[in-house]
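What follows is chain A paired twice: with chain B in the first complex and chain C in the second.
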Partner chain A sequence: MTTSTSVTVSPTFLDRVRGYSPPRRYLPVAATVALLIGMFGAGSLRYQGFADPQVVLNLFVDNAFLLVLGVGMTFVILTGGIDLSVGSVVALSTMIAASTLQAGWPAIATIIAVLVSGTLLGTLMGLVIHYFEVQPFIASLAVMFLARGLCYLISVESIPIREAGFTAFAQGSVPLPGGYHVTPSVVVAVVVFAIGAWVLHMTRFGRTVYAVGGSESSAHLMGLRVALVKVGVYTISGLCSALAGLLFAAYTLSGYSLHAVGMELDAIAAVVIGGTLLTGGRGLLLGTMFGVLLLGTIQTFISFDGTLSSWWTKISIGTLLLIFVVIQRLLTRRQN
Partner chain B sequence: MRELVRRPLFWSTLALLLLIALNTAVTPSFLSVRLQDGHLYGSLIDILRNGAPVLLVALGMTLVIATRGIDLSVGAVAAIAGAVACVYIAGSDRPAATSTVVSAVALAVGVCILLGLWNGFLVSVFGIQPIIATLVLMTAGRGLAMLITDGQITTVVNPAFKVLGAGFVATLPVAILIALAVFAVTAVLARRTALGMLIESVGINPEASRLAGVRARTITWTVYVFCAFCAGVAGLMIASNTSAADANNAGLWIELDAILAVVIGGTSLAGGKFSLLGTLVGAMFIQTLATTIPTIGIPAEANYLFKAVVVIAVCLLQSPRVRAAFRSRRPVSTVKAGAA
Partner chain C sequence: MTQVTTSIPPPAVGTPVVEMRGISISFPGVKALADVDFRLLPGEVHALMGENGAGKSTLIKALTGVYTIDEGTVTVAGTDHRFTSPADSQAAGISTVYQEVNLCTNLTVAENMLLGREPHRFGRIDVKAMNRRARSVLDRLGLSIDPGSSLGEHSIAIQQLVAIGRALDIDARVLILDEPTSSLDADEVAKLFAVMSDLRDQGVAILFVSHFLDQVFEISDRMTVLRNGKLVGEYLTRDTTQLTLVEAMIGRELETLDRLEHQAPTAAPDEARVPLLQVLGLSRKGSLQAVDLEIYDGEVIGVAGLLGSGRTELARLLFGADTADAGTIDVRGSRRRFRTPRSAIGAKIAFSSENRRAEGVVEDLTIADNMLLTLQAARGWLRPVPQRTRDRLVEEYIKALDIRPPDPAALMRNLSGGNQQKVLLARWLITQPELLILDEPTRGIDIGAKTQIQQLVAKLADEGMSVVFISTELEEVLRLSDRVVVMRDRAKIADRFNDESVTVAGILATIAAGGAELKEEDSDA
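On to the complex of A and B.
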């Protein structure tokens, strides 16, 4: 997939507005945004205080780790792969963080240890997928088991985090103009998102990610560095999972083997709802962000309602997933 | 001997036997089976009984994988089956009657077949990738199960229902008898009729099969229905064994165990070739592994670590690169290993 930004004779502003049709690649994202706005509209009509900007900001606060996971997952899915290990790697990261902090490591050493181990797992997975031609699904399944197993080896019990730096980070607040505030983890997530968007949309690596997703053999014949990219995306996903694990550890201030069970499904759902094609090659990182926000909005909706039970979250995520998958299918079928 | 090594089932059977040998070395009573109150008791019987749900789900999964698909929703379907049956029994007028159980089981299996129809519809008619189509139900299914049980763990007290998962007939556990019966029927249908070959042809190339006159769409659809049926029966066994429907934990990660069993059994994830006998060995291997780990003094939770090692080992052994390396080292006459 390449973008063709053809600049022709500059027409007048009015002509441009009149003849404007949004590029196809923005259509799925536009659908997500429309749905998000619709849900917020419905929420603010039904519940008092739903439309408060702080509610919007809290979407970021409560889903910072999911956004970070979504960034990594978007890279993987764009190449046509999938990473089922992210939830387990998050759990493993919280365990490593909690246990090393308990052993008296300085926070910075803990952070480095977590990031390195996550990246290493991701790289290993990428190497197995690319060089041994193991399906991404089954390779990441193995890493999923591996990471959960390692969690239990560290400890079966939940380990609390009491280190000063982590608790300060967890309880910290970043004031925004207008009396609103977010947590430091939101800042981290937004920075990760910005870096991800830059890499994906502005660098040679990012272009190659799209090319590999479009057609791996074509990309290979074009002389693109397929191996680097295929191993690279899983490395990125591993790094993002480890970072998300750190944010999750700070969010819950504990390490536990059963943290983040099924979070890989949330991450995949966010990416799909954000309009990224599961066959790879098409999608935007921006869409993933809106996908994460949409998942967050569903939860907010349910918690505002109070009468709806928590399982409606799962049912509505499944339904949304279905709708978007079907829409994607119809769109691609028409193009073919 | 060389012929034997080349049989597809050789390595998985060897692994299973080694595991049993290890168990016997650690606990000498492992192999002993004794008769008590008309039931057979012993570790081997436990493995058979507890392995029945995984075996059932893996059977359905084998056929799905043979069509180059995958069904991630089996765990959720199992949870729904348990939830439907338990809620029906608990809410009926005569919660202890056998007739209630019969209609509860029929209802639960019916619901599961509907879910299978739904999965198959998404895959075969809409043409959505199997992993995603079934991901929808995997995500929503547990929510649905909780909706049915209202978020509670529904317990039932019914001797007839208990038989399904924990009962014995002719000294053998009912669960494994059911699983083996389904296995036998599937094996006969798949290998004594053309059905197995047709399924494999769809797995190799659905479009070419269609042009050759195979009803590719119907076959794809059917295997998902069969898979959901198996998952439903497995879910009933799990619910019956605990006399309760736990929407959150019933059948949790059973899809992964089932896929693992299928892979260990030598069925290729790329579709087009399957071995039901291999799946049987694979399922028993997984259950024996789960029993072995606490026996040799490792925390039961570390199970996952060993499963990961097994998955990685099997996948690497199956990968083209490793196979090519093996082949170049031993340039013997290439005997094509037929599917079992």
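On to the complex of A and C.
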């Protein structure tokens, strides 16, 4: 009541008070972090060895590809779009990698081929979405079917990867102080994450991503390069999917048409649980990382328990997603 | 132009910085601009005048590259340009503040002001330098807000000033301000005008659009008048009177305005008559305290009061858009209970919402479809209105209300605000209501359409329709109504016949007096 009186007395004072309060945009991320800490607390009380730092590191090891996917997906969702194709592109990437390696290509050529094809698919999708004003849902759905179909064109069988460089990468270990270790995949994922965060939060391209998500027509009238950004985010998502595909190929040492079925939904879930609004314009890449870790923690929880069926993963993710969407809705409604 | 020495700096008659020749733009069903010439000289404030739908916004968007022009040429500083995007025109030194605030509320104030030309260091945005630069521009506008705060936290007025700040930061040759003052208070307008004068003295050409004639005469040096997408003429402000300007804008003499003003209110209702609507103790928790109201046939009830005084809430309760907690409504002596607008429509009550865009207009339908919506809904979906009746009704109302363009197939979204309002009025008039509730029917529309709507209300009342007329403009309320109801703090505080003794000042005093005793409650609300 007293604050509402001071509103009328001095608006500038109110502005100053507001300036000091923690920005509301960190609230969803803070909620995710709190939940993550809570789950770890519960886990370590219940199961022995749950609180081991290596368990945390393993979250990164097992979800490196999901983190890379999440980075691309965050860009797309921040513009208010969606990319359903990422799971299929991961599968296609494993297939291209496995088949070219089988055909005797050098690893570097394979990597370039995979990254280029994924990026091209993303760019194509972005062009269709922007210039033909096709709903991102539909355009990426089309690419999802296309990429999955192309997998079968390459082979219906699973193709093993035996190339020396890939196996070395897959079995490699990066030691950390204190006797802990991670895989090279984690290093790649963290580097991708860092670059993504830098672009999103420090560059004009990144800020324009937010502007487009806030109001595309305003961004256009402000003279910002909306076309570049809209095509750009799908290109980035395509590139990230291809990279995630390479990591997944290394993780499973195989290429298979049925890899990563439904993974696009995991990526979207991670982004949303990380506090990014599906309508675009609000969210942090850091949130996506915590979203990925939270999904990983649920899986760890269930594997530690041993008695719970794996369906509990889905049930908990579903519940969490629902809760987060409602929380976001409440937060944004208050803002209006 | 003859050179006259006055206190106003004479517009430099030299090479125009912007010259538009023979500009034509068409939208499906609407010729928005036809062969319009326009020039803008450096160091002048040039007002672009015209009614809603005259083509002002279209001309501006043609200049800023939002719309592509069908015919004509645009020359900026001597070079021909063909702008295809706002970025193009910005690059040519044209900076624009559009009518609706076109910023991103999810970004910070500084980002909104500087995005697209933000300071960089080592390839990254230098946030500190950006906030500093934003700070200095905000200081010029007399705004003490944190450049790092999110834009969405601020009021529309501040957002509007931030949009102006964005335009100021560019060292623009041409600054376009489309209705920049509509959401500003007097102090903020004064500050804006000071900044505009400064820029003018520095040689910037300013294009200014406003519905407030006083403001136009205060700040502008020259004006161009458009009507129906055509050029009427270019005038020097100091050689023009408000009367000649308005006549140029609406293309006819202004006597109608005066005639309406002197129209005698209809005779006081006979006590013995049964009122059309008798309302007793109508209230709703948190939105309206108990209100009594009687409305007789052919009566215009003006509802005066500040925004949020309960005017709209009263209208919504009468129409069943909200449900009342307590109180009764009698229509012609029989008790009715309106739980939904549908039951109110059944009792021949019509309500035109103040929120035209969200609660009235269906943008993607044609004029004809928009007009017939309520009639069709009232008849039920299984009894379609015969095509011939439809055509006849639509044609009749387009003609009666002077809707432009007079094309039943024109899309609603391409109409100006005033014409949209007329279509909405037609929508209700077609259902032949006995009580017409109009909530802010003339807000945001130009003087020509406004006069037409006021005349229409007077005519309808003469024909026996009762009208509840809600408006923020007290002059308008007094000009039209037979009885004036004054609202304050969600309660009715006065209800009196509109005779000679009722004045704008008197109503304001009533509102203010009601405020003195209710001050305690105010801070609680």
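We take it that the second predicted complex is superposed on the first by the 315 of 336 C-alpha atoms of A that agree within 3 Å, B and C clash if a C-alpha of one lies under 4 Å from a C-alpha of the other, contacts with A are read in each partner's own complex, and residues count from 1 in each chain.
One rule holds for everything that comes next: a contact is a pair of C-beta atoms (placed from the backbone, for glycine too) under 8 Å apart; a residue touches a chain by one contact, two chains touch by 3 or more.
Here the structure is a predicted model, which is why all the values come from computation and not from measurement.
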{"item": "Which of chain B and chain C A:Ser215 touches, first, second, both or neither", "value": "second"}
{"item": "Chain B versus chain C as contact partner of A:Tyr131, first or second or both or neither", "value": "first"}
{"item": "Superposition-derived comparison: chain B or chain C, residues of chain A touched", "value": "B"}
{"item": "Contact residues of chain A, present in both the chain B and the chain C interface", "value": "none"}
{"item": "Of chain A, residues touching chain B in the complex", "value": "82, 128, 131-135, 137-139, 141-146, 148-150, 152-153, 156, 257, 265, 268-269, 272, 278-279, 309-315, 317-319, 321-322, 325-326, 329, 333"}
{"item": "Interface residues, chain C side, partner chain A - complex", "value": "64, 66, 85-87, 90-91, 96, 98, 102-107, 111-112, 115-116, 118, 120, 123-125, 144-146, 148-150, 152-154, 166, 523-524"}
{"item": "Interface residues, chain A side, partner chain C - complex", "value": "1, 4-5, 8, 12, 15-16, 18-19, 23-25, 198, 202-204, 207-208, 210-211, 213-215, 217-225, 281-282, 335"}
{"item": "Chain A-facing residues of chain B, complex", "value": "70, 126-129, 131-133, 135-144, 146-147, 150-151, 247, 256, 259, 263, 269-270, 299, 301-309, 311-312, 315-316, 318-322"}
